[in-house]
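The data blocks that follow each hold one structure.
You will see chain A twice below: alongside chain B first, and alongside chain C after that.
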Partner chain A sequence: MSALLESLLGERAAPAALAGVREAAIAALRERGLPGPRDEAWKYTSLRALEQRRYADGDCGARMRAIDVGFLPGPSAARLVFVNGIHREDLSEVGAVTGLDIERLGERPDELAAILRSAPPVDAFGELNAALALDGVRVRVAAGARIQAPVQIVHVGTPADGDVAWSLRVQVELGDGAQLRLIEHHVGSAPNANLGSIVAAYRLGARARLDLIQLQDGAEGAGLFRRSDAVLGSDAIFDLHTVEVGAQLARHDLVVALEGRGARLRSRGVFALRGRQHADTRLAVTHAARDTACDIAWRGVADQRSRGVFHGAITVAAGADGADAQLSNKNLLLSAQAEIDTQPVLEIHADEVKAAHGATVGQLDERALFYLRSRGLPLDLARRMLVAAFCGAVLDDLEPALRARVDALLAARLPQAEATP
Partner chain B sequence: MLKIVDLHVRVAGKEILKGLSLEIAAGQVHAIMGPNGAGKSTLGNVLAGREGYEVTTGTVEYQGRDLLALEPEERAAEGVFLAFQYPVEIPGVNNTYFLRAALNAQRKHRGEAELDSMQFLKKVREKLAVLHLKDELLHRAVNEGFSGGEKKRNEIFQLALLEPRLAILDETDSGLDIDALRMVADGVNAMRDPARAFLVVTHYQRLLDYIVPDVVHVLADGRIVESGDKSLALKLEEHGYAWIAGRHVPAHDGAGAGG
Partner chain C sequence: MATQTQTEIEIERAREPNGNATVEAALNRRYEAGFVTDIESESLPPGLDEGVVRAISARKNEPEWMTEWRLAAFRHWLTMTPPHWAKLEIEPIDFQAISYFSQPKNRPKSLDEVDPKLLETYDKLGVPLHERARLAGVAVDAVFDSVSVGTTFRKELAAAGVIFCSISEAVREHPELVRKYLGSVVPTGDNYFAALNSAVFSDGSFVFVPKGVRCPMELSTYFRINARDTGQFERTLLIAEEGASVSYLEGCTAPMRDENQLHAAVVELVALDDATIKYSTVQNWYPGDENGVGGIYNFVTKRGDCRGARSKISWTQVETGSAITWKYPSCVLRGDESVGEFNSVALTHHRQQADTGTKMIHIGRNTKSKIVSKGISAGRGQNTYRGLVKVEKGADGARNHTQCDSLLIGKKCGAHTFPYIEVKNPGAIVEHEATTSKISEDQLFYCRSRGIGEEDAVSMIVDGFCKQVFKELPMEFAVEAKKLLEVSLEGAVG
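Presenting the complex of A and B:
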């Protein structure tokens, strides 16, 4: 067994309600081990260095730590803040909103156990999450309720006493016809080498609409493993924006099942990496019913020695006729040492399907760069302007305040003057 | 203002300019005419600092400085402007934002105060009025989806806004109908000034009916082979470039020239 698992799978104190599900997860994880280089799903993300690391199980000081984080501006229906995986009441704001029900799972171990049991882990990191999760949140929107202001869930990573592994669970349930805007903000309060794990499940009833914005600006140096798992009922709409700019090693499995007839996914995403960052996004969409649609457009930028991985898989199941599947992934390499691996995969088992997919990896357009410079823009500013425009192409419909925040996040990651062309 | 001496330039290993010399004083308009492949666009690109143009010998002095030692953005800030033959489309970069950033970058380089958005818009409106341009162009991405004529007009608009000292127009007339041509020429003529010089590169004489040059040069096979006043352009129009080629028999083909 790896040093990582050894350090995390020892005896621990946990609420009795969680004992059974945790033991099962631990046993499964001992049996399975971490994925290796021959595992197709981990082909471009090596865990060899991570396996040698040791972490303490959870941050027992998480409730006390002073953190320095800029929360997103604007009104919200609720803001839930977790520091190293533990809920912080002092930083959260939860008011009473009709039709909106927010439960903190750390206080309801029985509910947490039920959620963990309802969705058995499918991989090692899912098992690790189930084995370690002590806290989380469940957000429920009653059928027909339309929540106007967004709900914010903020995941703060901060240095602890030594390196810690933290896990939490997010469960979002929208009743039939319900609507919600949800913002997930991953942010670092200071650089740290902690390992975070978040498993989030989204259940959309018939005609429900979820607008989800995921801003991953995790702490410098941190590892972050996330799974976002959505299931859509008939005519449900899942509008997703994902921005990945933070953490040292980030893996995000984004799994969407279009189960009800007419269910639609719209996914817009950007990753922008520098230094030695490694970010791996694995998107898997299944069209399981007739007349379902997905429209996926992601852009990636890698500078310096960073590495970006994008795997976009769309499966159209037998019988899912009338499906419309569109996937595009365009990438920019800003340095000779950076690497981007992109793999669009389309698997079709139905007859009447409209599908298109494409992926490109290129460099900044020298002609455009010269045009900007010939008007007086310094090289670094010209490069930043072009990269920002490249990323911005998939962010056009974000509301202005959020867009400004995302632009600022991206700008902070974009090429600096000293970057090598 | 500009003094080019014996300029040799290679592009992708091939010598394109083969000893070009040219001197332009402030306040003058010089036209460079020549057949396709003579090196007209190479001259504009090398003066603006485009990569891939290797100067093997020769000097370019601009306002007493070695122009070739400057980065493209430094040349711009020092007052060199190239109106592109093929302006580049830049999706996602708003035209107004781009122009303000460019103008302010130049001003910063020159130690001048940057313009805030109100001051900038005031300046923009002045220039738009002079050029009879629709301000709708400003709200779009740089050249994206512009017609050929709109792109060229946008170049002239940038020229008006950035107020360079040396403006190089690289076949700005190509692809323009007569109305657009007039508008471009009006824009240039409105900018003529004792402190400003123009280098107008063109294939056809037509543009020079509207932008009347002080000096016309004929560029052939990488060299200036003939210079004269505006009547030279008319002669070229009448006789074609073959006329020039006949008068300047290349040295290596000199067998019949001795008599």
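Presenting the complex of A and C:
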């Protein structure tokens, strides 16, 4: 048992309602232990750096501090702010919107326990989350309701008295024909070495549509382990944009089950890393019903000493005829110390299927660079422009205000001035 | 002696159309003549311990260092556990139930005892009659062809300076070469099955092409002495020195009747500066019956080391047989500007499973690799491409292109793609693309509308699908491979 687990699973205060589910999760986690390098799913992401760390309870005084982060622009139907995994009333704004029901799970331990029980964890970090989650949010959209303004969930990481480990749950349920735009924004108020864990579940009823924008700009130095689990009913549409630029060590398991006939996933994603950042995105899409479709395009940039890992698996179950699956993953490797590991996977068990995937790793096109420089642009600017265009190619349909914000985020991460060759 | 053999072959060839009796007579005569060692007496009882390893080594009159090498591998093997990461369903193998130096037990006494279905297959493949007997494992060691042909060509090869012999012979006669290269590409402890092979390998081929020599002919296991009984644990070592080039063909081009047994071979290729090695395999071991009973477990470690600058290693494989195929012919691109290629067609029908692909490890500068993999799944077959393209830090200008396509025939089969791409050099360009689809209705309809039967149409489309790989095969192998696919796909449609 690593020191890490010992410190995480020590005595912690929790509501009585959570006791049973916590104990089960702790027992399961002790039994399983944290994944090591021989676990296929953790082949490229080592937890060694974490192993000797010790973490205090969530929050730990952060509640008392002033938080200064820039929230996303534009109106929103609701904004829920969690600081180090604990809800902050003073920063949140929840108005009354017809058809939209938002519940804070920290206030409803029974509900939280029920949610934890309803989806038993499948891996160590799921168990860790179940063992530690104290707060969270449930967003429900009534059948047929179309919520115009987006709902924002903001996760703020902030330094506390010591390094803290926090966990929370997000549960999003869309009734039949419901529509919602949801923005999940991870942001850090200052560098910290906290360990965050979020397990989010998205349930889309028949013909429901969820536009989800995940903007991960977590605090420098932080560890962030996320699992996003989506289940789609028939003809449901899940439109997903994911941007990963923050945190020191980020792992994101994105699991989508196309369970209803005609369900569709569209996923666009970018990661841009620098310094010693490590981001591991593990996307798994299952076509479980007929005529389901997925269209996935991800781009990655690794600079300096960073490491970007992308795993994109598409499974077509037996009987899921008419499935149409496309995945593309293109990566730019900008430094001799950086690394990209990509693994597009197809598992096909039906024959009336169109499935294709592609992956590339390369560098900026010399000719394009030359063209820009011949037009008088300095090398540095030319490089930045090309990298920005490379990332931007999959973000074209973000709404302009958000796009501008994402562009600024990416620009801050993209290559800085480098010696002219 | 060589001339005599030559004449005898001619006589036998002339007699061929006369049927089984003639062949058997010829074979029996050869047997009496003492060309073949009495097999029965060579068998060891099932089980594996140091005694067995020593016995194998002693039986082959190996020098002390070779015995020690085997024992070291065996001791390492004891500490290992069977890998389980492949996407395969394998009944646990009882390694103590295998005889490590044996011949198949109840061998049929004549062609009349051979499964008629099997003979039918041979017929369709157009395998010559005497080869049919040999391939069906009739209880004569039908190496007559190989012995004579082997000796004939050996002179020619020797004149060119090429050494081509069994590995046991090489251990005795060219110990300096074997010691230098054996295990240098696939170390004894490389993986579970390679360790096992290192401990108990029975025989295999040894090829050495000296500096500047272009091997005057294509080498093949067909021409090899005792090819028939190198069986379960083959070990092949192929070395091409500076500027040398060689093309090697391996495998059984017609079904080999066998029980559900383990075949764990190791193939090592070494290419020095400017050397070229082309290694082609047509694998058609017994795949088991429609219900997945029997068949070979084909767990093979194949690796080529492009040790020298501008060296090139190219693997071409057509895998249609075996109940389970589990192998990844790989290239370690160590030399600057070295080139690795992998061309593969893997077909699984009935309940066959294949987890195959390649590894391209780019270490040297400006190294290039190309991967073309075509998987065909029919019946309840499961076909997996698994490949690794790794670009190490120093591999400036490395370039890889991978294309893997899967074709599905039937509702219950599966096609899977697991590529691993690991890049540590910003000067590298790595591209991977894969598609999976079934045979296009349009293409089928077009063929049918031209009066082509459904099975023939499927066969044509499959052939077109595989063309890219077949064109890499030597001519006669390509023809055979095409036929093999047709036969293997029978009953897959309709």
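The rule is short, and it goes like this: the second predicted complex is superposed on the first by the 416 of 421 C-alpha atoms of A that agree within 3 Å, B and C clash if a C-alpha of one lies under 4 Å from a C-alpha of the other, contacts with A are read in each partner's own complex, and residues count from 1 in each chain.
Criterion: a residue touches a chain if its C-beta (ideal position, glycine included) is under 8 Å from a C-beta of that chain, and two chains touch if they have at least 3 such contacts.
Keep in mind that what you see is a predicted model, and the values were worked out from it rather than measured.
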Original post:
Counting only touches as set out at the top, which of chain B and chain C does A:Leu386 meet: first, second, both, neither?
Top reply: first
Original post:
Where does A:Thr98 make contact in the superposed view: on chain B (first), on chain C (second), on both, or on neither?
Top reply: neither
Original post:
More residues of chain A are touched by which chain, chain B or chain C?
Top reply: C
Original post:
Touching A:Tyr371, do we find chain B (first), chain C (second), both, or neither?
Top reply: first
**OP:** Could you tell me if A:Thr360 is touching chain B, chain C, both of them or neither one (first, second, both, neither)?
**Re:** second
**OP:** Share the list of chain A residues that count as touching for chain B in one structure and for chain C in the other.
**Re:** none
Subject >> Residues of chain B that touch chain A when the two form their complex >> reply: 48-51, 71-73, 75-77, 81-82, 84, 87-88, 90-93, 98-99, 101-103, 105-106, 109, 141-142, 158, 162
**OP:** Would you mind writing out the residues of chain A in touch with chain B in their complex?
**Re:** 365-368, 370-379, 381-382, 385-386, 388-390, 392-393
Original post:
Can you list the residues on chain C that touch chain A in the complex?
Top reply: 85, 391, 393, 406, 408-438
Original post:
Within the complex, which stretch of chain A touches chain C?
Top reply: 40, 44, 318, 331, 333-336, 338-363
